[in-house]
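Each remark here refers to the structure printed beneath this line.
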Amino acid sequence: MFYHVKELQYQAKPDRPDPLFAKQLQEVLGGQFGEISVALQYLFQGWSVRGNGKYKDLLMDTGAEELAHIEMLATMIARLLEGAPVGDLEVAAKDPIIGAILGGMNPQHAIVSGLGAMPADSVGNRWTADYIIASGNLLADFRANLNAESQGRLQVVRLYESTTDRGVKDMLSWLIARDTMHQNQWIAAIKELEAKENVVVPSTFPRELEKQEVSYTLFNLSRGNKSASGRWANGPSMDGLGTFNYVENPVPLGQKPALSPAPSYIHDTLPSVLKSDVMPPPNMC
Amino acid sequence: MFYHVKELQYQAKPDRPDPLFAKQLQEVLGGQFGEISVALQYLFQGWSVRGNGKYKDLLMDTGAEELAHIEMLATMIARLLEGAPVGDLEVAAKDPIIGAILGGMNPQHAIVSGLGAMPADSVGNRWTADYIIASGNLLADFRANLNAESQGRLQVVRLYESTTDRGVKDMLSWLIARDTMHQNQWIAAIKELEAKENVVVPSTFPRELEKQEVSYTLFNLSRGNKSASGRWANGPSMDGLGTFNYVENPVPLGQKPALSPAPSYIHDTLPSVLKSDVMPPPNMC
Amino acid sequence: MFYHVKELQYQAKPDRPDPLFAKQLQEVLGGQFGEISVALQYLFQGWSVRGNGKYKDLLMDTGAEELAHIEMLATMIARLLEGAPVGDLEVAAKDPIIGAILGGMNPQHAIVSGLGAMPADSVGNRWTADYIIASGNLLADFRANLNAESQGRLQVVRLYESTTDRGVKDMLSWLIARDTMHQNQWIAAIKELEAKENVVVPSTFPRELEKQEVSYTLFNLSRGNKSASGRWANGPSMDGLGTFNYVENPVPLGQKPALSPAPSYIHDTLPSVLKSDVMPPPNMC
Amino acid sequence: MFYHVKELQYQAKPDRPDPLFAKQLQEVLGGQFGEISVALQYLFQGWSVRGNGKYKDLLMDTGAEELAHIEMLATMIARLLEGAPVGDLEVAAKDPIIGAILGGMNPQHAIVSGLGAMPADSVGNRWTADYIIASGNLLADFRANLNAESQGRLQVVRLYESTTDRGVKDMLSWLIARDTMHQNQWIAAIKELEAKENVVVPSTFPRELEKQEVSYTLFNLSRGNKSASGRWANGPSMDGLGTFNYVENPVPLGQKPALSPAPSYIHDTLPSVLKSDVMPPPNMC
Amino acid sequence: MFYHVKELQYQAKPDRPDPLFAKQLQEVLGGQFGEISVALQYLFQGWSVRGNGKYKDLLMDTGAEELAHIEMLATMIARLLEGAPVGDLEVAAKDPIIGAILGGMNPQHAIVSGLGAMPADSVGNRWTADYIIASGNLLADFRANLNAESQGRLQVVRLYESTTDRGVKDMLSWLIARDTMHQNQWIAAIKELEAKENVVVPSTFPRELEKQEVSYTLFNLSRGNKSASGRWANGPSMDGLGTFNYVENPVPLGQKPALSPAPSYIHDTLPSVLKSDVMPPPNMC
Amino acid sequence: MFYHVKELQYQAKPDRPDPLFAKQLQEVLGGQFGEISVALQYLFQGWSVRGNGKYKDLLMDTGAEELAHIEMLATMIARLLEGAPVGDLEVAAKDPIIGAILGGMNPQHAIVSGLGAMPADSVGNRWTADYIIASGNLLADFRANLNAESQGRLQVVRLYESTTDRGVKDMLSWLIARDTMHQNQWIAAIKELEAKENVVVPSTFPRELEKQEVSYTLFNLSRGNKSASGRWANGPSMDGLGTFNYVENPVPLGQKPALSPAPSYIHDTLPSVLKSDVMPPPNMC
């Protein structure tokens, strides 16, 4: 169950409106690695944990915080949109700044949301749950989380570089710091689980049931062998259970597939037509 | 540039058709962590690497291999669909197996693809590039890759548990082994980059520009403090640059946001209407 | 900013697992009118309100509650999935219940989420922000909210009819009651705004700028005139500003459109080709 | 069955081309509340009505009209796109208007549709049936329709404010008037159904089966109690069957959920791993 | 502008309800090649034709007819859903037919649409305008249309094979006949345009601007040379302007790409990190 | 199985960066008819062919080539993005070119992909498998392929017209030539199959089972009879099995549909409510 307070976790006040930056900032609100994604990802993972210990608590702590970040960004975007112009080209052409805004801002910020933030990314794609991950296996999912925080911090940093507004930069520098923590915390949790389970997910599948002859092999399938000099092609494997090896010239291990004909009620191309390899005369039509 | 040979990388031959399992197997072909996802993810990452060394080579090697895995799964699914029944309920009811197949198989395998595999997951959602990740920052992206191989191996293992078909199990045990390798290889690459760059992505953002006072803080936002006992709340941070700390009762650091009214041409609810807090009499309507 | 407590707003415990019902129940968690939709819809509306009075408070109150409902449903679904079988058809055919479950359950509940709830609907479509609405105009948005609670309660009622599990019915009867309240509250808020603004959204557009000659006209565009007997075709209009009228035989008021040719650099079909109305001889090919 | 005449319902002729406005106008053709949405929403509702009276007739009348509106907008957009420039930046930079057009127009209007309208919104998202609603319950659906016409008229009004083209304004003022009618007509139909059924959808669910103790309660879940002063927290409920009440400090009514472990064949994190709350030493890695 | 009559273009009455077939039949209503797709595809093409002759008329004729087909299918599906059961597994298990229906029907037909047809395909994916095509070039678009009618007729035929219901078969045999006509008509229109413009789209691009040395070459990029025996590798090209030729061992014509480093404000992996090809010692961690 | 070489099939080097054109060029990489679409379409068709002859070989040859085209475009786009500016409006306003770039480029090229190509189209919609087609019937699918190459070549030609960069034009002229070949090859393959099977897909459905009385009829459903003068309304049908005819005034052949009421557990609007056609008094509320 959730309680809301109206104060923001951290301030979200730009020096001045900037509808173009509002559009860009949508990326970290409603994009693939925006705050909606991490909030719902952590909450869904937490709700699915089949146990009630510290991992679940950590997920719920962090999920609740990400909800606060959605709120901060929604507030910031609404403020960046204040006074966004509408108008047509003749007017716009007289003032290059107005022209650039009208050409470059997200038109839905005026037409659809009425100067509010949207659950969408920087090009206007609406947020989709295709972005989130919750598998029931925490080592797998914490890796998803570490990735999300890595991509997310990278995007916030790129946005930080794109503005000179001190108010915006102030809020972004706070979000960047939180992403520093979140990367650190998922690394800590991952290392703990790896220490308990070893590094390959899932750790519970019996090793003898996999084809171990190819469990540590790098196939050189892109001509040129620079990849041969990587750690992944030499020495003990990272799980400590094998030795990396490199196959310079990999060959197929299977046959050419030959599929049986489809039943007639499917109305695929008939085998008789498929088998006919006689070339029609060049003047056929 | 790519060359194709018609032999499969590894055999893909079930003991017998099984349209229900064909539907399930679609998950690891065309789902969020299916082979289409990893193939295109690695290739797009490789094409974006701004340099030509071993990391790019590794990405192209693995991307090319994943194309072969799409092919194996497409072949296996086409064979599992051979002889899939069509028909209506009266017929079906006479034979519970036929009934279960007709009720449970993906109808598009008959109607749309004509007993071929589809670029879709196990419930029929078509594959989307929303699933893939390529940021230009390799440490971030290798974490995405490690996650993808973790989720992917987990899903293949779950499918392995769901069938008794020896031919299917044989192919899956081969894919599981390859996922073992791929998890190992991305871990190796990640460790190498972390050794060069430290663990927080991006490593190139000046630390003094982030709000370092919250860079290592866990806020207890889900009541109950089990998370306080985790590694993430105690001791040196994983990046070695700070010390984890725990805030038992976090409070807001920002103000209640008060947004300015919208311009009249936006036609949002008027401030005069919004401000009116007088309650209408209960018999208003 | 949000705080979470681990207790549920209301209990969510089925009498027994039922993976088929788990699949159906996903509709009101992650479907078009599921709890994710109303939670995010109310929160985004609240964050966009340009004012800080009772309407914003009401939106945030209700948005926070809907987060709790997501949690209840996620918990219920995870429990309904406990012990979900996996297996293949030969086994399934021996037990019709197992067979029906294997054929009918959402395979992603086993393969993808590991027996956890998913942010998806009852056929497996992932939740999308295309479902939600926040325009900055509260009368418009409260109508969206009333619709959402109407559709949502209707769906929960249909699910209530579909199960005999007393634990499930208990939780659903609680959600149905909350939807009763939410319909009542949005009606109350709508009536208040309509009393202030009149009923047509937006109320701020000058009436003289619209083509008032068709502002209260019903065009009979589907042959048969039963619609002529409705309130909407007779008497004063609902906004009190006009009189409904009915046009039995509507005719076009515009011309046939004739578009100018495209510039040559667009490579549309050439005007010369389009204009050529000479029919080729029937034996042309 | 449908018949088409080539004349437009109302004229759709701009004074001059304006590719930027063409892009914006797409919102009310192919956006969430554009004409495709209302046309298909009303038609699908009409086709599902299980009865043949005035409501079905009204739905078919209005659905047929919305098809005509799609046509008007498609024609207008094609004309706004006439002569849209193509070219590159060096050329564009010499003329700020050309530059703004090239930067701001929808590139698919040139590349994909060849200067024709697209079934997409103002940022280029293709129309999706996720936007539409047809439940078989007319009171619910008429509320959806009233919302759609409210959002739609609001968007058309915002577009009207964004242009000085008299031809465009002429057509928009006609569409605005039609939306005035459509809001009025759905209100009329809603009031009629509410008079017959009372206001809570569905009206056919027995009241004694819902948890009536929370059917009229507002839970104050966002700190601050401005919402307590609303009509929704005081006096008789809008359905006349209860009395609104306000809970200042709501508490959870359920327990902390404790989920049972997953079966081993699911390969979620093992209970033994989850239960282990011993913190590893800080120098673990 | 459109007029509707309530009679169906052709009857749509099944012998008896069949909720499983209702689900399958959705494919040709709301799937990629369903009636919504062809209706909107032809109408959008018609609205974009920059001319007013017979091609536009043909498009509008056929588009209007496809609207009637949507209506027939929506009616048929609503009737197939009549009396669809709801219930839970214990009940279902007693009657294998009920069990198969409950497991196999689309749950949204009960929960969401209230026994009405949906704008979705046979697995429940909602219709999307991603399916449709209108380019402004009629030869290109008529090829899209011929493809749509070919895929569509194939799917209807497969559905015809899947039922023994005479009422359903009667309607499907009518739709199959219409698809026969529509394939014939688009072939006729294509041949006419090809006679005017030659066969390569667009016909208006100057031949000397393309790299004519590869305009008629088949590159053998999948090892094995069966494709060498096809018409496409021998004799005059179909446009009559060249001669097909076959390259048995194609080689790259470009260089290895070497991308320049990204600017520092993008925070991609640093060139210094990328260039470092020194392998870390195997005991690095 | 696939092998990759790092050399490009053809060079992909622009004269200079152009982030606006990079955005536009995305259309033919990741749009509906971009290279991802044709690559995966041909490969999936090839994997589903139930036979191993020249058609399968041709599909695999061409699919493998299209993978190379993805690579060329990804490389070109990465180079066009080199040095893309970031920044805010104050800076931008000083230089109209910078302003146009900042307003017009795809912001995800900076924020998300770090100056790499994306699997998305020119407005930022991510690629989706909804675009591709593989039915198991080769005549149907080759028509899909001919359409794809027609739309694709048209789009590349339009892009060619939009740039003056000689390096870009060089690569595009190569792609245009390949599309010339691919249109020619699919036409060749189609003609061969048509010669074997006749022109209506599927050719295997018995003619006597379709309603032959409407198999060659054009219904004039858009008032005006220009379409009567087309080849499609006169003379022998294209399949040689009938004669085209034209119905000037088509009438419905079916009845008004009357659907039975829904069962009470569905909670649709009650028949008693639906049947009530008594109009409430105009002063009802």
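Letters are used for the chains, namely A, B, C, D, E and F, taken in the order the chains are written, and counting of residues starts over at 1 for each.
The rule is simple: a contact is a pair of C-beta atoms (placed from the backbone, for glycine too) under 8 Å apart; a residue touches a chain by one contact, two chains touch by 3 or more.
Quantities reported herein were computed from a predicted structural model and do not represent experimental measurements.
**Q** What is the set of chains touching both subunit B and subunit D?
**A** Correct list: A, C, E, F.
**Q** Tell me which has more C-beta contacts between its two chains, A-D or E-F.
**A** E-F
**Q** Can you check how far apart subunit C and subunit D are, centre to centre, with Cα atoms defining each centre and the answer in Å?
**A** The mean C-alpha positions of subunit C and subunit D differ by 8 Å.
**Q** Take the average of all CA coordinates in subunit B, do the same for subunit E, and state the distance between these two points in whole angstrom.
**A** Computed value for the inter-centroid distance: 26 Å.
**Q** Scan subunit E for residues touching two or more other chains and write them down.
**A** Expected reply: 1-9, 32, 48, 50, 52-55, 60-61, 63-64, 68, 75, 78, 86, 96, 99-100, 103-104, 110, 112, 114-115, 123-126, 128, 130, 135-137, 139, 154, 157-158, 161-162, 191-192, 202, 205, 221-222, 224, 226, 229-231, 252, 256, 259-260, 262, 265-268, 277, 280, 284-285.
**Q** Make each chain a node and each touching pair an edge, then name the shape: line, ring, star, complete, other.
**A** Graph shape here is complete: every pair of chains touches.
**Q** In their complex, what parts of subunit B are in touch with subunit F?
**A** Against subunit F, subunit B makes touches at 1-9, 30, 36, 40, 43-44, 47-48, 50, 52, 60-61, 63-64, 67-68, 70-71, 74-75, 78, 112-120, 126-130, 132, 134-137, 285.
**Q** Show me the residue ranges of subunit D that touch subunit A in the complex, using the header's touch definition.
**A** 18, 20-21, 23-24, 27, 31-32, 96-97, 99-101, 103-104, 121-125, 154-155, 158-159, 161-165, 221-224, 252, 256, 258-262, 264, 266-271, 273-277, 280, 284-285
**Q** Quick check on the complex: what are the subunit E residues that touch subunit A?
**A** Checking each residue of subunit E against subunit A gives 154, 157-158, 161-162, 226, 229-231, 234-236, 265-267, 277, 279-280, 282, 284.
**Q** Tell me, which parts of subunit B touch subunit A in their complex?
**A** Those in contact with subunit A are residues 5-12, 32, 52-58, 60-65, 68, 72, 75, 78-79, 82-83, 86, 110, 114-115, 128, 130-131, 133, 135, 137, 139-140, 143-144, 146-147, 150-151, 153-154, 157, 160, 173-174, 176-178, 180-181, 183-185, 187-189, 191-192, 199-202, 205, 209-222, 224-227, 229-232, 237-239, 242, 244, 252-257, 259-260, 262-263, 265-268.
**Q** Show me the residue ranges of subunit F that touch subunit A in the complex, using the header's touch definition.
**A** 1-6, 48-55, 86-93, 96, 99-100, 102-104, 106-108, 110-112, 114, 123-126, 135-139, 191-193, 195-197, 202, 204-205
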